[in-house]
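The following block contains the structure, expressed as structure tokens.
Labels for the chains are A, B, C, D and E, by order of writing; each one numbers its residues from 1.
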Amino acid sequence: MLELSAVQSGYGETQVLYGLSLEAKQGRVLAILGRNGAGKSTTLKTIMGLLPLKSGEIVFDGKPIASRPFDVAKSGIAYVPETRDIFPSLTVRENLEIAAKRFGAAGSGWTMARVLELFPRLGERLDNGGTQLSGGEQQMLAIARALLMNPRLLILDEPTEGLAPIIVKLIHDKLNELKTEGLSMIIVEQNFGFATSLADDVVVVGRGQVVWTGSAEEIRADQAAQHTWLGV
Amino acid sequence: MFRHNTLRYAVLIFLAGAALFQALTAGYFGLEILTEILVLAILVLALDIVAGFGGMVSLCHGALAGVGAYAYALLSAKAGIAPPVAMAGAVAVTGAAGWIIGAVCSRSHGIYFIMATLAFGQMAYSYVFEAPVFGGDDGLGGIERLDLSLIGLDLNDSRTFALFCLALLGAVYGAAVLILRSGLGRSLSGVMHNEQRMRALGLTVWRVKADVFGLSGMIAGLAGVLAAQHVMFISPGLLGWTVSGEALVVVILGGLGTLVGPLVGAAAFVVLKHELSAVTTYWHLVVGVILIAVVISRANGIFGWVEARWGARIERRVADATRKQQPGEVARDA
Amino acid sequence: EDIKVGLLLPYSGVYAALGNDIDAGFELGLKQFGAETSATFEIVREDTEVKPPVALGKAKKLILQDNVDVVAGIVSSGVLGAVRDMIDGAGVPLIVANAGNDEATGADCSPFITRMSFSNGQVNRPMGKWMAEQGVKKVFTLAPDYAAGRQMIDAFAASFTAAGGEIVGQEFTPFQKTQDFGPYLATAKASGADAVYVFYAGGEAIAFVKQYDSFGLKAELPLYGSGFLTSPLYVNAEGPAAEGVITALHYVPTIDNAENQAFAETFTAATGRVPSEFAVQGYDAARALIEATKTGAADRETLASALRQVSFDGPRGTTSIDPATNNVVQPIYVYETVAGDNGLTQKVVAQLPAEADPVNGCQMAPVTN
Amino acid sequence: MAHDLGFWTLQALNALQLSMLLFLLSIGLTVIFGLMHFVNLAHGSLYALGAYFAASLAAVGGYWTGFFLAPVAVAGVGILLYSGLIKRMRKSGSMAQVLVTFGLIFALLDLTRIFWGDLALAIEVPALLDGRLGFLGVEYPTYRLFIIALGLAIFGALAFVLGRTQIGAMIRAGVDNDAMAACLGINVERLFFIVFCVGCALAGLAGAVAAPLLSVTPDMGLQILIPTLIVIVIGGLGSLKGAIAGSLIYGFVQTFGAVLAPQLASVLIYALLAAVLVIKPVGLFPAKG
Amino acid sequence: MLETRNLDKSFGAVHVTRNVSLKLERGERRVILGPNGAGKTTLFNQLVGELTPDSGSVHLAGEDVTALPVAKRARRGLSRSYQKNTLFDGLTVEENLGLAAAVHTGHATQLWSDSLAKSEVREIVAEVAEQVNLMPFLHAKVSEISYGVRRQLEVGVALATRPLVLLMDEPTSGVGPEMSKGFHDLLNNLPRDLTMLIIEHDMDLAFDVADTITVLNYGEVVFDGLPEEARGSTLLKEIYLGSWENA
């Protein structure tokens, strides 16, 4: 459903992606792995239109993807950034409300009630300011917010960073649930176990290019690839 | 953090040469303009130190200069103190005023800092405007220039005075570089980039801000004293916020945080103003449009624009040239 | 021979309107009377921007670089204070066409500075006596807090109390920072005065007169003032609120004499405006210059000396220079602003005789030649 | 000076009237400035434009024409400024914005001089609001009461929109992080455009409302700028509560300062500003976060 | 070396630190564990003085420092790194470290000499860069290095003040497994007499580095003991570890 071919992108003068190509398929979970600074987050930002596409092509549902983040979101892609980006001036409730509904995408019917069921902790903090949450709470809020958009493709950048194992587990279960419901996802992860147990497909990025492609089982089995590309 | 580079040196040398040439050859009005530029340049250097290297965008530097001018006038003309002593006194007074303002405003940032400094500037303005000792709205006249006849200089001659200002500007520039390269200046730059971290590292942030603001105040005070000596008349308008605003425009127009840029800005601004006001009374319109155009070009002022275009290239050329001359250097680098 | 005149006026800034009126008057004056002298005139204009240091720089330029024979203009007292020493030192005659600070023809007088406009004391002093004569007993005064404001009010207060009146309250409002006079008006109302006497000019005058009326004070507390309050330049912006306000000034466009009629007509024809006191000051400054050249004066020194002895019948009536101070001597007109056929007009209520200002510490060399 | 109750009532109304006028102006600045993080020093010039438009329109069609159309006209100028300048400057950092809007002050000042001349203009108060109303035992100009009512009404309306509606939350979100807001499918550009226009219209409205009270001069924008900045800085940037609090503080300090300590009147407000910033470096009620 | 007595802090209705008492001996390495929002970062903020506790006190080397401002505590040897990078973004790695070292050596407020050129400062910079593996990046600007390297610098800057007590807030958050391992070596190589308090979510690292472990839950100390004891604690498993490994 989303296909990147020979994408070049970066920050101003600094080029980070050098002809990166990958494909995320409908109804499947794609994990993007790679070392720090490999260009994983840059890839996601380029998809979202947060960074300009210098050359190459990104196709979503058969059409070239929009260039502005607003239009990309409208076409049904939700994004959970590495930095979470909770709105500090808004309460937790408002943070969720402004993301809710909008494009009426044929989603899995995520509602306020359902995300609060998923993250009861957020329910306790509904009227708190966004930045009064701890790091972990902010991560939950960012995920909840993205789910409320009822996207067709969910993009998560390191959803487990800084989360306690028990919450990681919870998120794993919930994402797994989404997967069985048929939601397409792209997940960037450092947590190898987490990523490979969730993903169907895996690409490994190194120095701005895809250096390994295959299925989750394959990479789990391929000790050599793990060692070379991920250093585990 | 402040660094000199080839382009900066080149522009400095060019500016100094042009000023010297102008000082030696210009007619009466040309010298007036030159002196105006030189005094403004000292003021904007003071402002660039705090705004460009400390993130303390001040809207009271005009007022500080005004305080310097009034202090000098009162000390020399009213209290009868010898001009050199009065001058030192005035600089000390503005230094102290700057230190206090810096200390008091040290917890404010961004627009709040701007407004806090504006408040102090306006307080000084209102006070000077209304207090009879300062001559009120009518201002004060009869201000004397420094008497340097001992070393054979007559500052009442416009040319000598212009050269005198040029020499002081050179000294101030040197002092500014020393300040920025000192431990204090380095810490200031750290504070600008991340105040919270500097504090967590154990730096007493407000003291650094106050100290630098005080030093900058002294320089602004010197500019004020020179302005008073140049015009030999002062009025409260000197302290008004628009003067500070203009100084800020000059700094940004020239290139904030480059030290060289504001000098370029001062020259450009004064010359532009004089050329335009000779043609039309609507010269503010033209200046406004030029300002907007410069900013839209997205450069850090005129100098920033030049530096972005040619700075790197020149730097490379020079590096290549020096390599060729010093093969030993290359070996060591490799 | 050619006489080079430097016109030093604010063409931008808050007093631009005044500068333009003086300039128009000056031009008209040269045109009107130019034929009476053999001298021809070349004008160099410089904008003071109402900033004393800028004005001083421009004055230096006019004197040192352009080598003008005479300087005319200057609207603000601050600017006059700034250029005074320069003018005096360089020995260039200056015809002041507005700035009214008393010192310029008092303690700081100079044989080279001749004032064709007015002095602050001069336009307010007669009003104190006159109001007392009209039976006004208690007055509350208001003016902006700067040198001119204080001088105007002080001159009025001195003559008013000398004539038996009482000042029951005074307020000086922050200059150019006060837009809302409500607080002061309430104080004036509560002061128990019979009348209010004020000095305001320009935008402040408009705001003041309108706000005075809106609070309904005009009926119970008649408004008097220095004539700048209802100057023809602003009175139409003040509108009906200005009706019935009684003020005094050295010129109003409705003065009934032949010179004024001729002046008002030509000025209106040239600019489309009724002439203001500023216009007449420019006009008379030009006239004074021409009168001086008619004596054969042509250089800085002779012009200065000739200017001190100028006297003529102009739009303001008999206008002459007092050689003891170099200030103008002229009648003062008390006038009421009334509704006329084309908007508001000035009804002259009384013409108070011309009086020379006290010398105020001026020590001037006697006229020689 | 022994003053009766009526005197103090009158002064309180004066203070309130001044506060509301400043509120109309500062709220526009604070929404643009606080919500868009855009430093629009030319806001005062827009206020002057509003007054000039109102004066010209009133001359043709009477007061109410000016009152209703001047804000629209100023919003129109706002649209031009936005598409020509502001849009490009949104990401440029506050120094660049200060400079551009400083340039705009220069340019707009001279443009008003070119179009309307140096002479002051004025508008008459409309017949409906002329005269005085008996009120709490004092007579007070109806027009001033109208300003007070208008200020309070606008305050109420804005409080509702910003605090209680989706669009209000979206505006605040866009302010915090416009890239992320866009990623959530919020059309941030359009939102800011609307906010900017509303801010300009409010400045125009303030100018139109102030015109009959004051005189319309080219420098009125410059004169009002500093008081407006003081208001929003005392109150705290970006918050409605700050704008209203700052306006009230300014109005009352200025009015009662003029009555009780006339010698200090001009210094008082600056001293207060400095004091507020020493105690609360971000003003009394800054926007959250 | 570092001690807290009954620290208590609330934000409105949220009680984030409840009666926390800790005691670190000289050279002790203590890891703080706790679920998200347990109040770990808030505790750090109170230790260094960025937040004032509602009640309770903080003692550094036997002295009550509760009333001292951040900078004074830092000069007495308390240094911290942040959970979210708090670096001098426009400057180079070398300058980042140099600024910190200059404060420590007292050159930071001198007007007559360049603090960064002082040999004392340069020595510290070189040492720290070596310790946290920043040697290859010395002349790169912060904006030019990757997130992982920035995390190393975050700790490096804290180290460059040559502290007695080092507080680290999730030094490995967002860092890949390889670098995470590097960090763990790095911590083990720091001088033994440096007292350390580390917030960590990485269990392996925590158990490897820690002399002692404190677990916070809802602002309260629910466990305080040796790593071995922690490993066996069911309480800890329940509130914190969950059982991800089995997923």
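Please note the rule applied: a residue touches a chain if its C-beta (ideal position, glycine included) is under 8 Å from a C-beta of that chain, and two chains touch if they have at least 3 such contacts.
Keep in mind that this is a model prediction, so the values were computed, not measured.
Contact with both chain C and chain E is made by B.
Contacts with chain D and chain E are shared by A, B.
One simple way to say how far apart two chains are is to compare their mean CA positions; for chain C and chain D this gives 36 Å. One finds 40 Å separating the Cα centroids of chain B and chain C. The distance from the centre of chain B to the centre of chain D, each centre being the mean of the chain's C-alpha atoms, comes to 33 Å. Residue numbers of chain A whose C-beta contacts span two or more other chains: none are found. In chain B, the residues that reach two or more other chains under the touch definition are 126, 129-130, 282, 284. Residues of chain D in contact with two or more other chains: 113, 266.
Taken together, the chains touch in the following pairs: A-D, A-E, B-C, B-D, B-E, C-D. Here chain E touches chain A in the complex through residues 11, 14, 34-39, 41, 83, 144-149, 170, 173-179, 201, 203, 239-245, 247, going by the rule given at the top.
Those residues of chain D whose C-beta lies close enough to touch chain A in the complex are 166, 169-170, 172-173, 175-177, 179-189, 287-289.
Every residue of chain B that touches chain D in the complex is listed here, in rising order: 57, 104-105, 107-112, 115-116, 118-120, 122-123, 126-127, 129-130, 241-242, 245, 248-249, 252-253, 256, 282, 284-285, 287-292, 294-296, 298. For chain A in complex with chain E, the touching residues are 14, 35-37, 82, 121, 128, 132-137, 139-140, 158, 161-170, 172-173, 190, 192-194, 197, 230-232.
Contact residues on chain C toward chain D in their complex (touch as defined above): 12-14, 16-17, 20, 145, 171-174, 176-180, 182-184, 186-187, 190, 202-207, 210-211, 214-216, 233-234, 236-240.
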